[in-house]
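There are structures below to look over.
Common to both upcoming complexes is chain A, partnered first by chain B, then by chain C.
This part shows the complex of A and B:
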């Protein structure tokens, strides 16, 4: 099939139009317009999409910077530690009250949440556990203002307590419960199956398994959930504002008014404290940001170490 | 339910056989150590703590119904006559809100959607972009440094967002952004009309704050569902010559569709129920906004800021608790539907969402 030059053609006449030589890179890399566009789009996406991180990072940096910038110059050691209610700006009372309220509601929430999580993970069938998880997610998805109304109606009005610390504590505890519940459930469900089977196979009773086998493994993550719920509860405003009223002294008992820091921010925002502008609100906000960010970092560290430990269990 | 993490060990979950005294080794007529009633109680008691969340939800709904005078209820279950708010009649869904005289909450419902829907739209777009960048484009070293910022966004208390929005963002919007938009984009419907207020309080700041607050939940859920796409699929896409964008667009995103839809639902639930920050920046007024810069009120924010004036007035409290019930129904529905699409939420549960 190879065409041979005819005899009468002069020597050296080309047989056919010469085929342009293909460079190696054109064979390997498609240089059509479409592919150029595809590759260019991908490259631009690689540069532009990460810039969206700025949308998340810049506001948070600005928020932390603004709050620190305005709060730190006015925040003295005396303000932080003074319990003197005659000096308007002393923060000793709100800080200690906040710690008290948060500790009490964490105690209630741990009582409800951890046992609930263990029961869901260990005793319930898959189907009923699924329903229980739906209910926990429903509670976690309930807007905080609704929980505040629930506390207001139930404790302040029906129970006749009025705006007191106990109402705030219980409402906040109910708000924090589902978070602890879900993480306790997750922690006990995600214990490696071989460990579980070894324990039951060697004859432990369920309560022995929970106390001696599962809890030592799951404890860090449960602790994690508790810190997380504390961070969420610490920043919550509506459940407290709707169920308690402010006070200038530490609550002498559980059925006395109490000042929570977020409620103080809201109060100072609604009626700024005279010449000081929003000083009190900004100081409280600064302390809250420090506490919340600290708790979040703690959660992250514990969670990372826990994951490493859980991976170690498989080896 | 699809969302139960399928644990394949039913034998590990069932209570073990009763103690050895009643086991097969015991003689047939031997007395049992525990009477059957105690054993039944012992079987039931461990389940009780699991009912706590359901009990709290039920208590919330009951207390609100009680405060509403049971006016929103199934009136006659035989004929399925549902009596909608009989305290106020159908005017309750009208738009005339003038508390001691007329009760119409349509303004707040519209306000809630007007703030939550744009915020959800923005946070979904931004969250999708961040998630794609974090999963497909950035090296692991960089994302390990950048991702915590998004999580941190979820941790900031909303009252602090509110005060920052009021003191920093609103003045900026009021003096720079809104006048600019008003001057140059007046022909766009909604951006013209009455002058934007110089305080800047109103819809734009509300939408901005809600976008920020819904951003972590959308970003985390989308990122998780994109990460959980099997690596084989992604790599075979690349091996067939797809660019990373194409592999993302044609393989990962279709595979992670459920997670992305649920991110939308849960982000909407978050934005819809947000209270304090909105109450601080929205310049609460019970009117429909005439243009983009106007102030309005949402259900949650109005409920939060008005309770003091309702104290002691049972009709006012009934109206507020009916608003609360509407809020509960919407946010519970959104939450339950949103979670149907996700099988497991471990990472986001750790972030507290």
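This part shows the complex of A and C:
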């Protein structure tokens, strides 16, 4: 039996059972210099952190403010909806073209990214999966301008397509793929092992496990990845500028020139202030900001729902 | 001091009107008051979701690590409200230790696991050896590990790991040990050894044992508290609660009509 000396003995001796007057180690009120300093710092940090946060987002706020302030007054319904570039600096063509390019790129990137993610998470050997992940990380780390050159040489030059929509779509898709891939891979690998075992333990085939068990769990997260990749892709300029030329009309087919909004900003922003081109650039910038914010809000909403639905699954 | 005098001495932990609420949900605890006297082992039983885990976790402010929970009421440790803003929760947890459902040894040696808390309180290096041995003895693990204290803790069996966790908690000499279903992940033999450890420890410290196993409460505890949907339904000597429950809910529970 272990001896139990008295409770006012210093720390390092077992305490006695009956409750005596408070021993030093039983005092919970902490007025040590260190704690006082820490609590004081906590109070300051409570003010300091929001302040630093404000400093950090100030450039963004300023940018959004400037863009909104200059773009909103010049933006009319007619500009937004007209496809007739002869009458006004109409944005109908760039808007619809951008949506088309982004949608096609997303389709390619989803195909590669999601299926690649599922394959890596579920079917590849650890060794191959490791290689795929390293490659995806390298692709994600590649500057978009380098990827743009890759697209330019591959599609425009070697394939002989010239500066066309398809070249931009594919280059942008390669740019977006690693983002989608990484999130899909993570979503499928992080499905709790017991769930996996329960599925296989009840006689599920691998593809049935993917379709019936894993995907319903991973889907919201993958969807988030897709929207985030879209938000990133929407703001990209280099992969498009290097592989396409602008056009005043909607592309009649995939191998025609096309106008992406960031490319339009790139081309028009150097126009003199007050000229039509400058206004167009700012209007496009404003629309892009709105779209990116919208996509990010969508991601937040999906995440919140996802957390609610799967509450208790990950513990 | 006689046993009678110990009974009348002030409780080590005294809970008054403890209410824990989660955002936008039913309250988890709806006003619980009870005392934990020195040298007692109180079993907290109740059906799943009755709030017994939240209850023990609110006895050393571990509950604050779960986001979104709000605690009201008073938990006095030797007359000091642990929820007082001037109280340092770190000091609370050093005096009111905790052992969890699954063994949670760190990926270090057996010795380093047992010495973990002592190193946190900057215990003098030459004291640590003796303190580790004492803690391992009190946890009933010493004889099994004394030959090689440097082996990795993760190489121990589940039951040994759990007793190592108890030793780790005991090493800083807490007055109170909270145990949240400490044997639910263990086999019967390991459970038996942990229960033997608990029975020895209740002669020295206050133990609050959450268990879903009425048999375990009967085997080791002096008192049993029955919680049901956030209320303390019944509290009394374990034999009384199990053999002559006054409340119909308690009776239903111990005869196995819930859970």
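A few notes on this one:
Throughout what follows, the second predicted complex is superposed on the first by the 249 of 315 C-alpha atoms of A that agree within 3 Å, B and C clash if a C-alpha of one lies under 4 Å from a C-alpha of the other, contacts with A are read in each partner's own complex, and residues count from 1 in each chain.
Keep in mind that, in the parts below, contacts are C-beta pairs under 8 Å (C-beta built on N, C-alpha and C of every residue); 3 or more make two chains touch, one makes a residue touch a chain.
In this text, all values refer to a predicted model and were calculated from it rather than measured experimentally.
In the superposed model, A:150 lies in contact with chain B only, and not with chain C. Once chain A of one complex is fitted onto chain A of the other, the partner contacts of A:123 are limited to chain B, with no touch recorded for chain C. Shared-chain residue A:135: touches chain B; no touch with chain C.
In the superposition on chain A, A:104 contacts neither chain B nor chain C.
Greater residue coverage of chain A by touch, when chain B is weighed against chain C, goes to B. Considering their complex, residues 1, 5-6, 9-12, 38-39, 77-80, 82, 84, 86-88, 90-92, 94-95, 121, 123-124, 127, 131, 134, 137-138, 173, 175, 200, 203-205 of chain C touch chain A.
Interface of chain A with chain B (complex): residues 38-39, 41-42, 45-46, 49-50, 52-53, 55-57, 59-60, 62-63, 66-67, 112-113, 115-116, 118-120, 122-150, 152-154, 157-158, 174, 177-179, 181-183, 186, 189-190, 193, 196-197, 200, 205-206, 224, 228-229, 231-232, 234-238, 241-242, 262, 265-266, 269, 278, 281-282, 285, 288-289, 292-293, 295-296, 299-300, 303.
Listed in rising order, the residues of chain A touching chain C in the complex are 1-2, 4, 11-15, 17-19, 22, 25-31, 35.
Residues 1, 3-7, 9-13, 15-16, 46-54, 56-57, 59-60, 63-64, 66-67, 126, 129-130, 132-134, 137-138, 142, 146, 148-153, 155-164, 166-168, 212, 215-216, 219, 243-246, 266, 269, 272-276, 280, 300, 303-304, 307, 317, 320-321, 324, 327-328, 331-332, 334-336, 339, 346, 349-350, 352 of chain B are the ones that touch chain A when the two sit in their complex.
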